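To keep things simple, chains are lettered A, B, C and D as they appear, and every chain counts its residues starting from 1.
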Amino acid sequence: MHLLDLRHHVLEANLMLEREGLVRLTWGNVSGIDRDKGWFVIKPSGVSYADLSVEKMVVVDLEGTVVEGHLNPSSDTPTHRILYREFEAIGGICHTHSVHATQFSQAGRELPCHGTTHADHFHGTVPVVRELSEDEVAEDYETNTGHAIVETFRERELDPVAMPACFQAFHAPFTWGKNALDAVKNSVALEVCCEMALGTWRLNADQAPLPEHILRKHYHRKHGPDAYYGQ
Amino acid sequence: MHLLDLRHHVLEANLMLEREGLVRLTWGNVSGIDRDKGWFVIKPSGVSYADLSVEKMVVVDLEGTVVEGHLNPSSDTPTHRILYREFEAIGGICHTHSVHATQFSQAGRELPCHGTTHADHFHGTVPVVRELSEDEVAEDYETNTGHAIVETFRERELDPVAMPACFQAFHAPFTWGKNALDAVKNSVALEVCCEMALGTWRLNADQAPLPEHILRKHYHRKHGPDAYYGQ
Amino acid sequence: MHLLDLRHHVLEANLMLEREGLVRLTWGNVSGIDRDKGWFVIKPSGVSYADLSVEKMVVVDLEGTVVEGHLNPSSDTPTHRILYREFEAIGGICHTHSVHATQFSQAGRELPCHGTTHADHFHGTVPVVRELSEDEVAEDYETNTGHAIVETFRERELDPVAMPACFQAFHAPFTWGKNALDAVKNSVALEVCCEMALGTWRLNADQAPLPEHILRKHYHRKHGPDAYYGQ
Amino acid sequence: MHLLDLRHHVLEANLMLEREGLVRLTWGNVSGIDRDKGWFVIKPSGVSYADLSVEKMVVVDLEGTVVEGHLNPSSDTPTHRILYREFEAIGGICHTHSVHATQFSQAGRELPCHGTTHADHFHGTVPVVRELSEDEVAEDYETNTGHAIVETFRERELDPVAMPACFQAFHAPFTWGKNALDAVKNSVALEVCCEMALGTWRLNADQAPLPEHILRKHYHRKHGPDAYYGQ
């Protein structure tokens, strides 16, 4: 994808945040990467979605240097940078404060797989990433947020392709995907699955998770070599 | 109805899914059947609602063979096929992952009739259909989903005309009706009745169901030879 | 108001139902009365809001006879008729199945006044009207629904002007007002107050009602000779 | 800012109330002040948002006298006046009956900081302001509402710049900010944080607040001399 096409794609992905009800005010940002160049395109900080344009998107390299653009990139840019560097198979990242996923983040509560809506997107339990220590916040808050996410995936041996989401404790969700639009779709799925889980638990506080053979079936219907969903 | 009219009708019914807030992304599909021909029209798989057109709808016969259309039909097509074959009085089928009805599915919880909104559409308790076994999933997941639904209606002696809905355990609701639009209307009604039941139980955890004589009255106000609702 | 103006006004009030999120499909109806003529204008039965027009509205007299219009009036017309006949000070009536107010109806739960939003519209606790007996349903369901509402207001000595709303048990809310638009506004207020009460009770299960002196103040700020809200 | 620009700005801020889902009917008002003149612009009372225009906005001085405009100012004008007089650093005020924030008001429940969404806007626990006594209501309800808010901030030594919000018991929230739009943004944030807290507590009834070092970090990322969020 040419850089201009990537700018368009990432702009579209950012606009989808508002249309899908994942953000209020300016509480969310999406980026997409050109792996050949090692550059990623990201939303400018604090600009309302209605005011975004292709020109206003900011291009940053994997050292965190702005290579194109007149505006400050999202304050969460260092988190995106670490995730792109450490999760080499991903092409887009999305961060929102969507209501139900943020409730899980604030409560530090994992999301087990309770149904096929979840299994279609996330292969297993969506993990919680610990909050940062006083030193980590003081040193470099946003960079260390990325490190904490990577640490969780390493320690729990999670594949970021099969589990493209996490809840940062006391904060909000991060998702990722093949590209920026795919990352936003995973944010939609995460938000809806959190809302569904809350109601499921109201109906049955001890609800068992989806049986493993159905989880596997639904995940592989949509992902990997045997996928047959879509065109 | 001519096949072209049926294509238009089924397209409209699929577009209604998004307008009524029953779907996110591409999580739902509607079909409608021409009983004379034995062909049904269904949404193509994984295509967004905004991109649908009359030409993109797929026509399938009751053996499951695509008879018109260039795109893959919905991955749930085999489920629709079984339901059309076994429930001969129905003319349309709708499958969504609408939030509240999916909460009931994930919790494996039946929906008793708690009020007239429910009685206007569903004559009694909306049943849960069991999840599939490992063998059923491995053999033919979507076809066996249809068989499991039919099995539930046979075993519980439910008339699919008077009870045009079910919750598939761990998955999501299926509804049907006289035609595709009617099937979508029943999905709207099911979603709202699930949301209403959740609040009713918060107000009164042991709420009794609607008295039988009012259920009967409301159902027959709208359905059958003595109906007087509408024009 | 001329009858044609009244038709326009009642049409507008019915269209407001959908815009305010009080109805799905065709689950609601509004009417307005010309007290001089003794005729009221009401929505036709089962017609979608998008298809309504001034010409399609139905005019009915207080005996229940259609005096103008080609379509069947709402199936709830006899309920409206009784309320107009017995509550002489009201000019409009609204019936919906709005989600939260229907939850209160289904649970047979009164709504105490928990705040100023409520006090601005309803002077005290919104009452529940009992469900109809088997005989009342068999004899004339919709007419007897009106009688049951009137009976409740008589027995509890409620003034329908100060308390323009009730929950019919197992069914849904009815509201009324000075005219059709005012009746719809009271339906909005009732729906929101029900939603607010559910959350208030989650925060404090034994929440005390609004102190009487604030209820009085807010109600009279908007209603009666000392009102100073508005223009 | 010229007075005409201020009128435009305050009009925009009032229109945002409806777009952001913070109000139904006419249940909310926003004002903005010109500190040099000592005049503030406020919504007219009981006028629907769709009918607002620059000309209809009302200009009031800090004695409460209307200095420009043909319509009655919002009935809550005396509350705004007291807040402008006592909180000298603020430039705009917003009052709504948004659902979740009103639930907290009706339950008389403070909102502790449970996450970064909250910390980005409110430095600590959002306080409850007591309801007015019978005498205070009788004497001058709206003016005394302002006094009660100021009293709470004095007694609890709260800085209205760092804590631009409160819940008035049994009533609804008030927020403020640098200007009218900023006040509305704080109303959006308050509403969402209340909804998030309700879900957080459902997931963990004893959830601890956000650690102090993260609260401080997020607040100062957006506010004060070291802020680096935005452009």
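One rule holds for everything that comes next: a residue touches a chain if its C-beta (ideal position, glycine included) is under 8 Å from a C-beta of that chain, and two chains touch if they have at least 3 such contacts.
Since the structure is predicted, the reported quantities are computational estimates derived from the model, not experimental observations.
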item: Touching both subunit A and subunit C (chains); value: B, D
item: Size of the rotation, in steps of 5 degrees, that lays the CA trace of subunit C over subunit D; value: 90
item: Far-end chain from subunit C, centres as C-alpha averages; value: A
item: For subunit B paired with subunit C, centre-to-centre distance based on mean C-alpha positions, whole Å; value: 32
item: Centroid spacing, where centroids are CA-atom means, of subunit B and subunit D in whole angstrom; value: 46
item: Multi-chain contact sites of subunit A, meaning residues that touch two or more partners; value: none
item: Full enumeration of touching chain pairs; value: A-B, A-D, B-C, C-D
item: Sites on subunit D touched by subunit A in the complex; value: 20, 114-117, 185, 188-189, 192, 195-197, 199-200, 202-204, 207, 210-211, 213-214, 217, 221, 228-231
item: Contacting residues of subunit A [partner subunit D, same complex]; value: 24-25, 27, 44-47, 71-72, 75, 97, 99-100, 102-109, 131-132, 134, 137-138, 141, 170-172, 198
